[in-house]
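Labels run A, B, C, D and E following the written order; every chain starts at residue 1.
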Amino acid sequence: MISPIHIITIGLGVAFALGFVNKKAKNFSATIMLVAIGLMGAISVAWLTALLQGAETVQIFTAGFKPPYSINLMMGIHEAFLTTLINVAGLLGGLYLLQSLKNAGNHAIMVFLVFIMGLNVIIMTRDAFNLFVFMEVVSIATAGLIILTETGKSIQAGFKYMLATGIIAGILLLGIIFAYYFSGTLNIDSLAEANITTLKGGSVAVLMILVSIILELKPFPANGWALDVYEASNPGISAMLSAASATALYFVLFKVLAIANENWYHILTVAGMLTFIGSNLLGIKQNKARRLLGYSSVGQMGLLMAILGLKPILGDKLEFIAATILVSHYLAKAGLFWLAGIVENDNIKNWSALRRKPILLVLFGTFLFVLIGFPPFPSFYGKWELIMQLSSNQHYYVLALILLGSFLEGIYLFRWLGYAIKMDFETLPELNINWNKIIPPVLFGVLVYVAGYFTSALVPELSALNYIPLLFIAGIYFIDSLPAYIKNTVAIIGMSIYGYQILPPLYENDMLRFIFAAIFIGGGILTLTAGYAYKGKRSGFYPVALLMYAGLAYIIQATNTLEFFFGWELMTAGSYFLIIRGKKSMPHGLSYMLFSIAGAYAILAGFGLSFAGTGTYNLSSLAGISSNITIIFSLLAIGFMTKTASLGLHIWLPGAHAEAESDVSPMVSAILLKAGVFGLLLLIINMGHNTETAQIGYILGWLGALTALVGNLAAAFQEDAKRLLAYSSIAQLGYILFALAMMSHLGLLTAMYYSINHFLYKAILFLTIGAVVMRVGTHMMYKMGGLIKNMPLAFIAVLIGIIALSGVPPLSGFGGKWLLYNAILAKGWYLQGAMVLFSGIIAFLYLFKLIYSVFLGQMKDNLRHVKDISIWFAIPVYILIIGIMIISAKPEWVLQPLGDMISQWYPNAALAWNGGLATGPYGYWNGNGIMITVGIMFVSLATWLWMMSRKAVQVKQFNIVYSAEAPQRPETTHISYNIYAGYNKALGWIVAPKITAFWDTMTEWIHSLAQYVRQLYSGNGQLYAIYVLAYIVVVYFTMIF
Amino acid sequence: MKDLINKLSKAYELSDVVYQRPNFTYATANKENVISLITQLRDLEGFSHFVLLSCVDWIEDNIFQLSYILNNPTQKYDLAIRCMIDRKEATMTSAHHLWEQIATYQRELKEMYGIEFPDSPRLNEDFILEGWDDIPPMRREFDTKKFSEETFFPRERPQSNDPATYMKNKMHPDEWDNTPSSKG
Amino acid sequence: MEYIALGTGMLVILAGLWAIMTRKNLIRIIIGFSLFDTGIHLVLVAISYVKGGTAPILDSTVCIQDAAQRIVDPVPQALVLTAIVIGLGVTALMLAFAMKMHKEKGTLDIRSFKDLKW
Amino acid sequence: MDFELKRLGFTLLGLLIVLNWGLLMGAAMRKIGARVGKRYGIPWFQPWINLVKNYAIRTSLSHGIMFYLGPVFRLSGGIGLFLFMPMIIGSQLWLNYSFQGDLVLIMYFQFFGMLGMALGAGEGGHPYSAIGISRGLSQFTTIELPLTLAIISIAIQYDTLSIIEIVQAQQGGFMNWTVFTNPVATIAAMLSLLGVLSHSPFNLVIAPNENPIGPPTEYHGSFLGVLQTNRAILHVVEAALFMNLFFGGATNWFEFFAKTFLIYFWSVFVGVVFPRFRIEQSVSWFLKVPLVIGVLAVILYM
Amino acid sequence: MSEEKNIEQPSKQAKTFENPYYAKREVTGPDGQKFIVDPMKDYFSDECPTVHEPNSIPVVEKFLNWARAESLWVLGFGTGCGSIEIGPLLTPRFDAFRYGVMPRPTPRQSNVFIISGYLAVKTLKRVIRSYEQMPNPKYVLALGSCTINGGMYYDSYNTINRLDQYIPVDAYVAGCMPRPEALLAGFNKLKELIKAGKAENANEYAKNFDWYKANQKKIIKDWNMPDYNW
C-alpha cells in the first residue's frame, strides 16, 4: 500500500518538476499534470477500497517525531473517501480545463496541480498550523486560478477574494497561535483532548479558529466575495471551488469541530440555516447562471453546515446525511458549472441552447433534481433521513426552515429548468462543444445515478423496492432515437406485463390498491394507445411518461412511508416533464412543480411527525399515531390536496392541463389526480377514526364543496375547451374531497365511485377533445362548431362523457349523485351538501357549452374538411365508453365489492343489495332497471318520431330562420363566446381570480424581499471585508451572551 | 342674423338670401364656396348641428339644387345653404369630414340622383334600393309609371268612379237622376 | 516586555483592519492588510516569548536539560517564518491584482470596481 | 309476468290521462289568463287542435341526427319522469315504475330532457337557440337550489327519499301534509316551482318578444308536436311531484286533478301578475329570497 | 312655356350584384390543405320543394283540415302599414284567439302569412324567404289594395303591384287599410277555404315553382339566395 504521503510528494514534486519543463511543451505538461492527479487519485482509491475492506485507519508521521512535535496526516475512511472525491474532481476538472490551462501556460498547470494537492492535504492533515499553511496555499492557488481567464470581472473578483480570505486566514492564524498558547499543541486531536474552551481565553482561540473556517464556507451574508468568484471565474474553476474546495473545507470544519463545545453546534445551525434560507431567497431574483449556481452552492454549504451543527441530534446518522447531501452537491454543482462553461451564455434564459444537445439537457435536469433532492439521487435519502431525525427530536423550527429553504431553491432551479426546456426562441442560442468539456459532466451524470443506487442500498426501508421499472425506463431512454410507434409498443407491453404481475395479487389481497392500480395501469395503457397517433420520434416523451406511471405504481405498492414518498417524488418529476412538453406550458409547469414540491414537503413533514410518533416507517402505523394527530393529518392532507387541486392549491391545474399535449391531458387529469385521492384515502382510512381528524374533516368538507362550486363556475366561463375540462377536474376532485371528508361508509363509497367514474369520463373527454384539438388546431371553442358532421365518433364519445359526468340517469354519473344525496343526509352535512349539489347542476352550463360550441352550431369555413379523430384516440375512448356502459347498467358489479372493502374500515354496510336494486339509508335505486326502462322508452319514441318525419329534407347550416335574412358568415352566427354573460353578471364575482391574485402577491413579495435583501451585495470589496469582520464580531457577542 | 349674412356675403358672395322665418334663412352660394362656408359656420359661428342634405332636380334649368341645412343650437337658428350644380356632370365635393352623417346623405343622393361625391365613404354601396340597375329613380327623366308598368305586372284597374256619385247611385237611386245622359 | 510586544501586535492588527475598512485606495488597503499581517506575526512571536529566555538554539550556553526553562518556545518562531512567507505571497499577489485593476479602469478607488454585484 | 303486463297497461293508461289532463290544464290556464286580460280566450279544446295540426304538418326538415333526437330526448324526459313518479298512492298499479328509483332519480331525470333538447336545438344552428339554452340553463341552476334545500329538509323530516314513503307519512288528515308540518320548505319549493314551470316572470327562455321562441326556434311540425306533448305531460308530472311532496299526494284521480290544478294555478296566478325577469335578475332573485328560505328550512330541521 | 332642352339621358348602369359573403373563397384548413368553399352550395340546401299530396283517406283529410283551420298560427312579420291593424286583433276588443289565431315569431311554426300592405322589392325578397321557410300547408292572407293592384303605389318604381305573381295568395282583404273586423272576416274566409280543402296553395307553389321563380327573379336583380329557402 502506497503511503498517503505520496499524494503530497507526487503533487508537489510534479509541480516543481513542471517548472523545468520547456514552456512550449504544454501538451506534455498538461498530460503530466493529469497523470499526477490520476496517481493521487489512484492512491486514495486504493486506500478507500482497503479501508472499506476493513483495513485500519493509519496515521502518517513526518520528520520522525510523533505529534504534537511534528506534522501528522491521517488516512481514515473519511479522508480516503473525500480525497477520492477531490482527485476525481481534479482529474475531470483538469480535463475540462485542459484548453484554458494550456493557453495560460505551464504556471497555470502547476498552480492547478498545487491546488488539488493542497486540498488533499487539507483533508488529511491533523495539524492546525499545517492546515493553515495549506489553506493559504489553496487560497493563493485559487486566486491564481480565478484569473485563469483574465477579464476585468475576474480580476476584481480575485482581489475581493484575496482581501476576504486574507483577513480570514489572519484570524485563523491568530486563533491557532492562541490555541497553541493555551494548550501547547498544534495537533487537532490533542487540542480537542486539551479541551481548551474550558480555559480562560481558550474560548477566544476556538472562536477565531471556528469562525474563520465558517467564514471560509461562505456564510450568508458575509459571502459576497465568494459569489463574485463563482460568477466571474472560469466555470471550470468555479466547479472546482464549489465541488472540491467546499468539500475539503467542510471536512475541515468537521475535523476542527472536535475542539469546540456544544454552544458551537447552535451557532453552526443558526449560521447554516441563515445561509441556506438567505442565499436561496436571493437566488430567486438572480438571472445570471453562474451567480445563481453560486447562490445555490453557498446555500447547500449552509445546509451542510447546519447539519453539522445538528450533530448532537443526528448522532450516528450524521455521517450518512452529510455524506449523501455533500456527494449530491459535489456531483451536481460540478456538473452544473461545467455545463455553464459549455453553454457560455450567462443569462439563464439562454440555456435553451442545451436543447441543441439533448444529452446535455438530460444532464442539466438530472443535476437540478439532484440538488432539490428527488429520488433516486443520494440527496433524497439524506433529506429524508434528516427530516425524520429532526422531527423525532422535535426540532420543528429547523425542519420547517429546511423545507422552506429547499422550496425557495426549487423556485429558481425549476424556473431555470423551464427556461432551458421551453423558453421560446426563433433560433436557439449557439452551443460549442469540445469533447473534453463533455466527458466530465457526462461522467458525473452517470456517477450521480450510481451513487443514488448505492445509497438506496444503504436504506433498509427500500430493500423491497423493485428496480425493474426504473431500469425499463432507462432502457426506453436508450432507444429514444427510434420512431414513436416502436417505443409506444414497447411501453405498452412493458406496462401490460407489469400490470399482469401486480394486479392479480392485489385483487386477491387489497381491493383498494387494486382499484387504484387498475386506474393507473389500465388508464396508462389506454392513454398510451393514443400515442400511436403521433408521428416522428417524440423524443423524451416515453421515459418521462413511464416515470410518472412508475411513480404511481410505487405509490400503490408502497408499504412504508419512504417507499410512498419515493414513488410520490418520481411521479411528480415524471408528470412535470410531461406537463412542460406542451406548447405554452413553461409557466404552468413551474407552478405545478412549485405546488408539488410544497405539497411533497408537507407530506415529508407529516411523515416525519408520524415517524416521531410511532418510531416506524410503516404506512399502516399512521393508524397508531396518538400525538400531533391534527398537525400530521393536516400536513398530509395539504400535501395530497396539492395533487387533487383543492381550492387555494388549484391554480397550477388549469394551465397545466390545458396546455399539455392531447394525450398528456388525460394522463395528468384522469389518472394523476387520483394519486392525491389515493393518498387522502390512505390518510382517512388510517387516521379518520380520531376525534381530531373529524374536525379537520369538517373543514375539508366545506373546502371540497367550495372547490366544486368555484371549479364548476369557472369552467362555465372558459372559452378554451381544455381549460374548461381542467376546471371541471378541479370541481370533480372537489366532490371527491367532500365525500372523503365525510369519513363515513357512504362518503368513502361515494368518493371511490366518483374516482372511478371521473377516471372514465374525464379520460374520454380529454382524449376526445384533445384529438379534436389536434385536428382543428385550436383550443378555442368559439373557433370550432358544427363538427358533428365531420366527427360523429368524437361527438358520440363526448355526448356519453357529458351525460355520465352530469349525473343524468341512466348513465353512471347518476349513481354518484344518488350516493352523494344519501351520504349527505346520513352525515348531516346539509348545507355543504346543497352547495355540492348546486355546483353539480352548474356543471350543465359548461357541459352544454363544450358539446354545443365544438360539435353543434355553425361549422366554420376552414374546418369543412377536417377528418374524424384519429383512430388511435378513438380506440381507447370507446373502450372507456364500454366501461361506462357496464358500470351504468350493472352498478352493483362495482359498488358491491367497494362496499365490502370499505366495511373493513367503516363497518356499517349502508347499502343493501337485492339484485340490481340498492337500498340505502334514505332511498333506493335500481341502475339496471332504469337503464332498461329508459332504453326501451327512448328507442320506441325515437322510432315513432322517425316514422313521422322520415321524409325530412336534410338542410344545411345556413337554412335557418334568421329574421327573414340569411346569415352572412358562420363566425357571426355561431353563438359561443361568453354565452353565459347573464350568469356571469349575477355570479361571476365568485370566480374572480382572488386566489391567483393572492399567490401572485405572495410571489411579488418574495421577489421584492429578495431584491431588497440582495442589495447587501453592493459589489464593493471593502464592504465585503467589513461584513467578514462584522460576522466575527456578531458571532463573538453571540458566544458571550 | 342679418349681420351674419352680411358678413358672410362679403366673403362668400351669397345670393338669393331669403329670410323665410325669423329663425330660418336661405342663402345660395357658389359650388366652390359651399364647403368652406359651412366649415366656417360650423367652427366659428356656432352652427354645430347638421340637419340635412337634400337635393332638388331642376331639370328645366339643367341643374341640381343641393341644400345643406345647418342648425345653431344655442341661438336656435337654422340656416340653409343652397348651391346649384350642373346636372350633366353632377359632382360635388364631399363634406363627410365635417359631419360623419353627411356620408349617409351623400350615399342617398348618389343612389337617387346619381350625384358623385368623390372620396365619400361607402358611396357606391346600395343604400335603400337593392339591386337597382336602372338610371337613378329620382331624376326627373326617369319615368316611374312606365317603369312600373313594364316591371310589376299591373293589374287591369277598374274604371275609376267618383265615390260620392257611386254611393249615391247605389244607395239612393231614386232621389234624383244625376247621370249626364238623363239630364240632357 | 512580552505584553508590550503582544499589545503592539494587537494594535498593529487593529490599525491594519482599520485601514482595510476605511481606506478607499487599493494600495492603502493592501498596506493595511500588510499591517494586519505584520501585527499577527508580532503576536505570534510575542506569545512564544519566555521572560529572560534565549534563542532556541541548543549550543553551549543552553544545555539540553534546562532548555525547556531557558529558551523561548521555538515552535511559534518556526511558524512565524512560514507565516511571513505566506503573507508575502499574498501581499504580492494582491499588488499584482491591484496593478491589473488599475490597468483596467485607470483608478485605484475600490468603489469603482463594482461590476459584480447582487 | 301477468302483473307486469297489467302494470304496463295501467301505466300507459295513466300516461294518456296525464297527457289529456295536461292539455286541458294548459287550456284552462290560458283561459284564465285571457279572462284576467278581459278577453274571451281560446276554446277549451284548442291545445288538442294545435297538437293535431302540428302532427299533420306535411313538411319536415332536419338539421341532422341530433336535431331529430332532441325532441326524442325531451319527450323521453317527460315520460320518464312520469314513469318514475308514483301517481296515485294506495294502488300498486298507479305507482308506475317508481320502484326503480327515488326522489333523487326524479330530480336528475329532469335534466335528461333538458340536455337532449339543448343539444337538438344546438344542432339547429340558430343563434337564438343557443342564447335561449344558455339562459335556460343559467336560470335552471338557481331554480334547483331552493328545491334541493327543500328536498333535503323534507328528507330529514321524513327520514327517507322515497316519494311513496313521504306520501304515506302525510296520510291521515290534511294537517299531516308537509305544507303544514314543514311550511318553510314548502314555501321554498313553491317558489322554485315558478321557475320549474317557467311561467312569467321566469319565461325569458322562450320569450317570444325578446328572443323568438328560444331553443325550439327551428322546430316545427311533428317535432314541435312532440315538444308540446311533452310540455303537457311534464307540467302535470311536476305538479304531481309537488303534490306528493308537500300536499299529501293523491289517493284517487279526483284528488289528483284537484291538487295538481291548484298547484299549477299558483304558477299561473303569479305569472299573470308579474312581468318577465331578465336572466341575471332571475338568477339573483333565486339566490336571494328562495335560497334564504331554503336554508332556513334546512336549519330548522338540522 | 319653357323651351325644349336637350336633356342627356344617363345610361343604365351595368352592375353585378354579388354578395361578398357568398362569393367562392379559398380557405386553408388546419392541416394546411387548401380548398374552395362555395357558400351557395356548401351553406344552403339546393333542393326544390315537392308537392305533398293530401291524405288519401277523405275523412282523415277532412279532420286534419278542420284542425288546420281551427289552429291558424300567424307569422309575426308586418310588411307594410297594415301591420298596425294586427296588434288590435289580439286585444280584448277583437280577441282573435277565440278563432284559434295565434301569433308565432318564427316561420317554422306558422301557417298563415299576413302580407299587410304594400311590398317594396326589398321587402318582397324577405317575404319570399319567410314564405318558403314556412312548412306546408301554409296560407297567405293579403291585406289592403296594395297587394291587389298596387293601390296608391301603383306607379312606384319600387313597389310591386300584384302579390299573386310572386307567391300564391289564398285570400285578399281589400281596403286601405282594412279594419281588424275585415281581417277577422278574412280569417273566417280562409277557414272556409281550408275546410273545403281548397287551400292547397303551398302545393301550387311547388307545382308552378319555375313560373314563380321567374317572376321573382325578374324584379329581384340581386338574387343572392338559393332558389328555395328551406
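We take it that a residue touches a chain if its C-beta (ideal position, glycine included) is under 8 Å from a C-beta of that chain, and two chains touch if they have at least 3 such contacts.
If you're wondering where the values come from, they're calculated on a predicted model, not measured in any experiment.
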Both-way neighbours, i.e. chains that touch subunit E and touch subunit D: A
Steps in the shortest chain-to-chain touch route ending at subunit C and beginning at subunit B: 3
Far-end chain from subunit A, centres as C-alpha averages: B
Comparison of B-E and A-C (more C-beta pairs in contact): A-C
Most widely separated chain from subunit D, with each centre as the mean of CA atoms: C
Identity of the most central chain, Cα criterion: A
Inter-centroid spacing, subunit E versus subunit B (mean Cα positions, whole Å): 33
Centre-to-centre distance between subunit E and subunit A (centres being mean Cα positions), rounded to whole Å: 70
Distance between the centres, which are taken as Cα means, of subunit B and subunit A, whole angstrom: 80
Whole-Å gap between the CA centroids of subunit A and subunit D: 54
Shared-contact residues (touching 2 or more other chains) in subunit D: 59-61, 212, 217-218, 221
Multi-partner residues of subunit E (each touching 2 or more other chains): 106, 108, 230
Chain pairs that touch, as defined at the top of this document: A-C, A-D, A-E, B-E, D-E
Residues of subunit E touching subunit A in the complex: 19, 21, 25, 27-31, 33, 35, 37, 39, 42-45, 47, 77, 106-108, 126-127, 129-130, 133, 225, 229-230
Subunit E partner contacts - residues on subunit B that touch it in the complex: 59-60, 62, 88, 114, 126, 128-137, 139, 141-142, 144-145, 147-149, 151-155, 157
Parts of subunit A lying in touch with subunit D, wherever the complex brings them together: 786, 788-789, 795, 799, 802-803, 806-809, 814, 817-818, 821-822, 824-825, 828, 830-831, 833-834, 837-838, 841-842, 844-845, 847-849, 851-852, 856-858, 917, 922-926, 929-930, 933-934, 937-938, 941-942, 945-946, 948-949, 951-955, 957, 959-963, 973-976, 979-980, 982-983, 985-987
Subunit D to subunit E touching residues, read off their complex: 34, 37-43, 46, 49-50, 52-53, 56-61, 208-209, 212-213, 216-221, 224
Sites on subunit C touched by subunit A in the complex: 13, 17, 20-21, 24, 26, 29, 33, 36-37, 40, 43-44, 47, 75-76, 79, 82-83, 86, 89-90, 93-94, 97-98, 100-101, 104-105, 110-111, 113-118
